[in-house]
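Order of writing sets the chain letters: A, B, C and D. Residues in each chain are counted from 1.
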């Protein structure tokens, strides 16, 4: 039966940018009712970021909060209400919503919500078994708890930037929202385990997540080398400890590349066979993994001479048929002409009332019984004030209107 | 003794290297009972990867294996033998969750598809993690830790703000990408388990590593159909400036995204003349004249240490970072105070520092209580106590190559 | 490049031993080029000159024993009645020009005769002196005598041989020859040491111990787990099928051993994919071992319709270990052994044409060789006493009359 | 610390299971420096065979492996990789002796034939131990210990005196015969070593296990060509020897010559039936062994094996009790001669091992632990062959070691 896993779970999000919004979006994929609390006074900045689009996009500041494509991508399936939390009445309303909710998600700077009276302790009084997650760059305790950060910031503090980039180039902090979404996933994971625990014990809890810690956990194998042997690993492009060839090779085309990784002699022989058994591939210095790694530069040069005369699609096809791990470096364009992703239904479309038809990426997992689904576009600014304050909290239209006038609901 | 979030959850892991084992580690470190199956003889390939303690390449001294397999019971089993398969199915009956990462055809070959396993354990949650998922033309394609980020679009965008398009796109450092896929798989697994608690029904979870990593670049990817923009590592992949500005003793990363950030940043730099230009006052202006702005910033940063810039700007609320290497991560007072470093005692490697886990959970904290298992360390516990085989059976099975 | 040089050229061995264990040890040294002088006497004839322990056949004279011939090829023979003091003196003089001495009397006998290690090392300080006995020359049972079956019984090997529901089997001469090979090994190890340091030494060899060390793992099952393993026919602890199966013919058997699933599948294929072979209970080593008896029965139903050579040919082509249980007749008609020159024909002055086995190893540079038949009784008295010890003919004759050389 | 007979002799072992490892164990226990190559990850098959200490099937607790590999240095190497082959040849250059037991075709494919290795080390002694030797039609045949015993004619003779020819010929339930092949190979190997001290000549030794075992039964086997008689298990291999049940087990009784017959008679306190005509001389005694046994049996049932053994031996009858493994392991004679020696092993702890059957006064046998899998990688690859630590890590990751 295709029930929605988190049907009946309600989450309130006081989020901004990527980490907070993706955390609750992940819950929304599975049917949780996520109420995003926004206010014109402190909007989620992604509502204002736009891009000129086209081949040479430039960032533009939007005037209409409902026009941001990026915002849509990160707030699917959610509801939106307006509350100017600088006003005590708004804080009361927020608490009322919390009273009928199971999860709170917030990624403001540590202490901001506490000062507004919406701390974990405050919410626990109205909802003892609330699961309250706050995510921030450095966590909500410790000397640097007030430090703020975006993806490249906690990517760098966590140790990822140092080990990414060309060996002879500067460190390469993570691009776009990548690491934010990783931390969002980590938050979703912690929330679900807390829900499981609450299902068995009836108890909620406070989750204090530090984004830079999450990143450190994901690169710990390189940090382990320091702990064990005092050796500080640094960036080396696509290279690996031992696999060779193990890099991207240029193909026929403007900026087309194929990634090839060979782990053992059997795959090497298959590779040599697939590219027509050239003489150089028979040379002794390439006959086992140890020697291939030692003669890596020469090997890369020779392989590039072959890949440059084929398209990246041909190379992937030839090598995969021979059982060799070769995948071309997808540009965003490639995704939408890829037969595999088409069959797996990686993308879907939503009809956004203001922007129009938008392509969005489906949740990345396929569940046989309870699939995650995208059911609606991101909410317009304050779109669900009436539903939440009216139906959920049982307020009359007049009360709601009065609060809007007082710019409490604002 | 604090509660454990996943107390009583029983997980069978038939996976190796990074992604699968990291996924079940996340469950194990929260109290799930995880039995990890390794092939007799060599065991998990991670045992053959460094870093090795004192560079002595011994299968019980791999830091990678130790980190990825804390809190697990380790057994050896060859499920391709007749008896091995029978034992696998007995373990299946015991398990709530199966985490496996074998090629779909291989699982079919030994008759361990979800349809078959469902008959034996209707409530089973089976999480299959493969490079391209369980169906579709690339279903049986091979891909290592290098290929996945490139197949998911992240590679094409890395390094961001690259000065030279002639150079190859890059994967993330270490096994970062494989870890992410493991985290993603763990998340959907516990979601499926939550559903099982409520309804009692299990299901098959198909995790394609490609799609799990694509989710990270969802905005850049969908910019193409929505805005006809193809982000590259040279153009349009990051609003936060190009390569990190160098300073006296390393690199920093300054993200003065919002206007008030920019104001604080100018003040910290002592309001240099070039910064007064109004074109920099707004985000779109800073984005359009990014190169000019960054050249000036780099001139300034070269005159300061990264600590000065990091603490100075963060003190003023401007999101800034030092590019930390392993030594700096390990000596971070912030991590120290939050109890991020945990010592794990390993029989062969002695005390090794591991991270506490993702965040601080007030009631059910992460608990790194046991080190990674030696190869086959819990054979007796699982085969005799759990499954009831005699010790003599075990000797025969070892001699027959079954365990 | 082959020369007629042999590894032990220039080494001289004085052999006081008798019957099988001692003589076979010096036979191995003789095959490798050592000059072995057997010391016998009419008072104590070497038992194998008189009768065959195996067939019970009595030989017409001292020099018509095929058994004696096989065990004493390449050697020289002299007579000395060690009961006489003069004989002892002569023996000692012989030792002064020798490198190795070997004896397998009951411990203490040679000491009483004045030919113990202490006595001989005085006349030849770097002599290598091996005494071999049933239980070794020390310990409470040092004086006990024994023959091959005794060594097998005491060492525990006999209890491991035979049908699981049948009596133990004490085997035959093989036990002597294993013990003898061990002695030869120890002697040459000592020769290597002496080549480096110039030092000789005394070697005390216990035949029953030399058999126990070949079942060291079974003994360790006891020292580790207090388990006393028992005989179980041809069966193995792990491998199944692992037995002899009857073939077409009067008493023809084939041994088949399968160690993994790959070999099992090859076997099933080779015998025509019979239905029973696909039964689940035979699909891996563990299950095959659990259902071993039924498996043996089913396999015999197939092998009985083929000759042992057909079965060997079919299975070996499929990569399965199958070798007939060759009788001696089979061995002497075997193409493989013929090509490797495993046997040698030898002209014996009394018995005429005899066949003996060639040395079992092939050395590329200094090959072991059979140079002559076993010595006739006392055949080299003149050469040894005359040329080697420089005695005149008269002296030799008087000693013969005095029955010193007797 | 006493001197060692084979001090300074360097042996490279590329062998597994029984014959090969036992051959080089014999050299190692007398002081030779033996480096044993095991396949990466899995190691010697013997590690997968019992008996296991405490029945815990752990590769470092196999009594079989521990026994057969005392005093050896253990490294892991895959000679099928290019770098593995290079290292193998470097070790061949180091070695005086190479002992290997791989199928002839496999060594050819790897390029490890004696002709090739001789070029690298002209003084090398190379001993190849294979079921059927390096030449002849059965050269590439596969044979496990069971097949070798039957292929050598030894199986056909056992169990001797078997009443029922419908039952199969048998080998002994142990690896005793395979170990015997190891002793034979060891003898040939150190014979070849002796002239090497002076002449420095190396050579190739082709040991066929079939022929090594046939040599042990040569007397029985040669009855065929010399006397036209096919020995088989129908007849007891020794006319004058029988096994009789007695009060607490089985006893081997023997009456080959008159002296022994007198001892036997005296052991039984001169019973009447022994005076019968048919027992007066060797030949008739051998023909009437059946009657003798029938008479001995009732008497034997009243006596234990030890009673018969001690009185018999004292009175000149070389009888012997058939001892179980337990009884053999606890035999007082073994204890007095310190036949069992305790050796400490890092993983298996202190266990007692059978030592050696020869006590050399100057260069005694010495016990030493078998190696853990790859225990001496560091010592051999860096100290001996000079590879850097970093190389060794990479070679492990590449599956070379």
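Everything below uses one rule, namely that contacts are C-beta pairs under 8 Å (C-beta built on N, C-alpha and C of every residue); 3 or more make two chains touch, one makes a residue touch a chain.
This is a predicted model, so every value here is computed, not measured.
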**Touching chain B and also chain D, the following chains** = A, C
**Prompt:** Which pair, C-D or A-D, has more C-beta contacts?
**Reply:** C-D
**Item:** Most distant chain from chain C by Cα centroid
**Value:** A
**Prompt:** If you average the CA atoms of chain A and of chain B, how many Å lie between those two points?
**Reply:** 13
**Prompt:** Using mean CA coordinates as chain centres, what's the chain B-chain C distance in Å?
**Reply:** 65
**Complete:** Residue numbers in chain D touching two or more further chains are 49-50, 52, 55, 395, 397, 399
**Message:** For chain B, give me the residues that contact two or more of the other chains.
**Reply:** 49-50, 52, 55, 397, 399, 401
**Complete:** Touching at least 2 other chains, the residues of chain C are 237-238
**Message:** If we use the touch criterion from the header, which chain pairs count as touching?
**Reply:** A-B, A-D, B-C, B-D, C-D
**Request:** Using the touch rule from the top, collect the residues of chain B that touch chain C in their complex.
**Result:** 81-84, 396-397, 399-402
**Item:** Footprint of chain A on chain D - complex, ascending
**Value:** 81-84, 391, 394-395, 397-400
**Request:** Can you check the complex and tell me which residues of chain C touch chain B?
**Result:** 237-238, 260-261, 280, 283-287, 289
**Message:** So in the complex, the part of chain D that touches chain B is made up of which residues?
**Reply:** 40-42, 48-50, 52, 55-58, 374, 377-378, 389-390, 392-393, 395-397, 399, 401
**Asked** For chain A, which residues are in contact with chain D within the complex?
**Response** 241-242, 264-265, 284, 287-291, 293
